[in-house]
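One chain, subunit A, appears in both complexes that follow, with subunit B as partner in the first and subunit C in the second.
For the complex of A and B:
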């Protein structure tokens, strides 16, 4: 007959002096939760969740400002370049056949909703079909508008899953009508949840910004006369009227291109270097050329991840280290409290190594518990941080990867912290306590 | 006859700061295989140190020690651990069972270090516990047993390992006379099977059950007595 399994399980954990064990577990849980929590948030803020299809994406930037008079040069990779482009420039750039995909877009604030309801503010993005494939936007119902609809500026929209939930209770709303800016617009598609963090296709305004719930063909931007809701780079007095804005050199659009190979990149860079702005500009602004930034460089130029979050990760790593150092004392106290047992085991034939590994195993048991405890603690930390950013709902969340990282970190810390105490125990002389009986 | 242990001019000094205690001062002792030797002497005479050195729990400072024909003076820690595990069994005055482990698990400890397969371990444990009459207490914790029962578990732990040499340090020291006799009966039975036993005791009653008697004083053997000491009384425990 053998001992019950629960008794065998106890060997992995120190049974006596449970308050010391509890403190070890709590200390590990706290240190690891802070470290993993901030690291996971850093990962989110750093755009690590941006999908793999983002490879080959480039932000188009034009040299719109003479270098010597660029007031913003300090935070740009290359002085004089801006990623907020004018409508005439974008129109001219789109004539290039080098990119595999081109996605010009502009954000605007519209008013509308169900025809039977009062109009409400709706954030919208005017874009082309390429936008959806370039940024991996999937549709849960319906499809994209057709090329004909795009060119003709047909009254069609694609709405977000959340707006579809709010307006249509989540059912398939394709074919339904919305009244936007006084025009009846037909829903042709409903997006699957799409919430890139950061909203990397447009970081011109705010770091934390939700994806727009309404997507409208770019051609309608002229028709709807919607003022751009985001940054407008104005190097001349703001023109009166929508048509004047479209004809001006004021920037309010983003342009992303997908360049599938290094040769495409080289060719497009050459194309931009020779590009002359098409918009009417003051004489002092007359300059030519442009460049493209890869997505990674673009994120870096926009301060992604934010320096503050990097600082928090460093601080949390220091906190985790302090916790681990304190654990050494706890573990030493915990182990020394059963030094007599160790000496008995040594007398019965245990080698130093077996005693060492026995204690390392106990550390791993405690580390496992600490790691498991750190998962809900890190989740709580993230939930608290989510409250700090009410613009986006729940951008930070505990992922399976972070949970595995938490347990792994706790196990690693427990081994590091337990190494010295385990070594001490393995060096106990077997006759020391037994002799005193 | 082959010697189980041969100690020649063994010295052991314990140091605590400026203080030096000469526990063994040139001790020479030969014990033949199958002997049952009692070791007596006043407190501080070096009896326990002798057992610790004999059982490889404490290395001597100098001298020659041959255990089972093997010079154990220059062995690595892991080698000494293996010899302790396979050749030597300890019985302590305070039993030295591990309080969190059941009777079964306590007896199993040295067998695990020996790396025996689970089935063989189980068979050995069952046999050993049966022989000390504690089969029914398999899953009891030491705290649920009387002192005599705990010492019998300690003896079962030794028996399960089938050692060639048993070192017993006051095995009846914490027991009443009835329990002491039971333990001594067990030791005699074990010795009858050919196992060498060296037993430290203050009890003349217990010493009388041994076949050879050694007296220690100031870390040296002062008297090798082939005859048993005078028996004080049949029940005169210690």
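For the complex of A and C:
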């Protein structure tokens, strides 16, 4: 008759040597939690949450600064390319018919809120309808502004779910009014939670900060004379005033295109290679050419994931290895403490293989416990990192994928670490014990 | 104590020896690397010693509404500064387009007048009034921009930028050109920036220029106060500034708090690296305990024979500690080599100052001391083995 289920399960568990077993489990849990925790954080920072539909997206960049003057040349795939474009250049680039979709945008610092309340700072992004489809922004209430509203620069806004919660208590606010920069603006849509990490549609400045809570038609950028809040590359002197800024070669806008096929990519690259900037540039600047960067290349050129997280992954991998070596020591000590019992088993007819597998099974049991323990530990590590890096806006969370990875890693490490101790136990000789009895 | 028999004993126990050696080697690699990186980030996380943060405050004003479009920025800022100076608790007041801490949004290109082809990027801070006192910066020379009629187009540059533009030379009086200005500007003074970020030298490229640009809608006043302002003082400030111009949002913050926010990533990295260093030391200590315990358990009979032949308990403890030290030393050598190799890989994209010899030695000393302390626990246990154990079966 088969042994009861719990008895079979018991073969995997630590048995009476619980202090050593507890050390094995704790050590394994610690090593795996550090390893998996930092690897998961690296993945988050590296843009693992960026949706798959971003594959056909390309950042449009123009050759602007001489290679030797580019402070970030070590990181860029093509030094001298700049992702922040001037208004005249973006306007000229938008005339191309090659891309399937194009999304010009610019971030600005505005002030406003409910008409009845004092104004508060509001980060806004001026963009077009295509921005929403290209970056997968879904709406929970209402819809996008219409093409007519977009071209006319109508006083309409789309707000984030968070701002909707703060201002309207989370109810459907479509049709409500906000007062922004002294203009009454109607809410036409409320975005579903939209928090890309990193904020990949604009990697020019503080790209781990939250997405802008207010989306405004691009045509209003001129009407509102909104001051750009993201990086401004001030390449040339220009008379003061918003119109002068719009006419200058100073960069403050992003442009993304969606190119559906390799042929489109090739054609658009050729178009950019021959592109000449439409605003007069000072003589020290490069005056011809540009390129497109796929999202992966753009992330890499901006140092994403950051080298800080790469450093921590390297250290955590070394730490995991140190823990695995430790595990070998613990398992040797633990197994050796019942070597007499094993010798008797051998004398009673147990084969080497059965002894080996018995111990490997125990290693797996310990590994499973260590893996399960490592899940809350890795979660704690991520929570600690959220507190230590408040600028990253609580982006680290334990995912199901990381949890499975933790258990898998723990099982793998326990087998690797337990191989030699199990082999050693299987080599114990029965004859010696019998002879001495 | 003769080392040869101990070395022979070690060679017979290759597994324990290898495990302890590897354990120590990995710990040393992690420890040395984490220490190097923490030194790097600590220098960015800690406020530079030359800045006096006491009673320094930042008042940021954001102007909104249609009226902001016709704002006379210079007149508005001068009127505000006059009001701020009239407050009895304000000692100095200045205005800056942006507080030069952390990432700044505006980047300009510039070059020295004598080498126009050598273009450098930098961050520009436009400033008015007693901004140096407000920011607690130490200036090397006076800022002529404040001395009306003398040299209105002078700029202050950070030391790092001065060294980049005019290497090995005195930059005072030299001329440079900003991409945003059609004229040459004389270097009127050097300042040390409010933050330090070794390895990313361009972050330390800062130019202070007189006057606020006319199209600003948000800027900051930097105050040096006679004492820490009370709640009533801030209310007076808010009321007074709002009466001068109602359409604005006013926010006060200690300058040190702004610096604290700017150094957040670096500080977080130091904390994480310290945590990793603590954990690795703990794990390696536990590792040495477990592996030495394994070794003691394996050699119980041998210890009994030694005791039966006259070895004292002290001899047994010394034997295990010496054995442990002989295993730790190659581990430390191996770990040091690994740390050097890792540092070499990392130096490809990060300019990190290597550890000094003293720091290196102290780090290895700490590892060996903790390793010995950890081995002491099983060594003392081994010393308790009675001579009669020699007669027991293994």
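To be clear about the criterion, the second predicted complex is superposed on the first by the 401 of 437 C-alpha atoms of A that agree within 3 Å, B and C clash if a C-alpha of one lies under 4 Å from a C-alpha of the other, contacts with A are read in each partner's own complex, and residues count from 1 in each chain.
Basically, a contact is a pair of C-beta atoms (placed from the backbone, for glycine too) under 8 Å apart; a residue touches a chain by one contact, two chains touch by 3 or more.
Everything numeric in this text was worked out from a predicted model, so none of it was measured.
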{"item": "Which of subunit B and subunit C A:316 touches, first, second, both or neither", "value": "second"}
{"item": "Subunit A residues touched - subunit C or subunit B, whichever exceeds", "value": "C"}
{"item": "Contacts of A:288 with subunit B and subunit C, given as first, second, both or neither", "value": "neither"}
{"item": "Partner chain in contact with A:341 - subunit B first, subunit C second, else both or neither", "value": "first"}
{"item": "Touching partner for A:112 - first (subunit B), second (subunit C), both, neither", "value": "second"}
{"item": "Partner chain(s) touched by A:276 [first = subunit B, second = subunit C, both, neither]", "value": "neither"}
{"item": "Partner chain(s) touched by A:240 [first = subunit B, second = subunit C, both, neither]", "value": "second"}
{"item": "Subunit B versus subunit C as contact partner of A:350, first or second or both or neither", "value": "first"}
{"item": "Touching partner for A:171 - first (subunit B), second (subunit C), both, neither", "value": "neither"}
{"item": "First, second, both or neither for A:325, with subunit B first and subunit C second", "value": "second"}
{"item": "Footprint of subunit A on subunit B - complex, ascending", "value": "48-49, 52, 55, 57-58, 77-78, 81-82, 84-86, 90, 92-94, 96-102, 104-105, 109-110, 113-114, 118, 122, 126, 138-139, 157, 169"}
{"item": "Interface residues, subunit C side, partner subunit A - complex", "value": "15, 19, 22-23, 26-27, 29-30, 33-34, 37, 62-69, 103, 105-109, 111, 116-121, 124, 179-182, 202, 213-218, 247, 249, 261, 264-265, 267-269, 271-273, 275-276, 279-280, 283-284, 286-287, 290-291, 293-294, 297-298, 342, 346, 349-350, 393"}
{"item": "Partner subunit C, residues of subunit A touching it in the complex", "value": "20, 23, 27, 30-31, 34, 65-66, 68-71, 74-75, 109-112, 118-121, 181-183, 205-206, 225, 227-238, 240-242, 245, 282, 284, 307-308, 311-312, 314-316, 318-319, 321-323, 325-326, 328-330, 332-333, 336-337, 384-385, 388-391, 420, 436"}
{"item": "Complex interface listing, subunit A residues touching subunit B", "value": "1-4, 7, 10, 15-16, 340-341, 344-354, 429-431, 434-435, 437"}
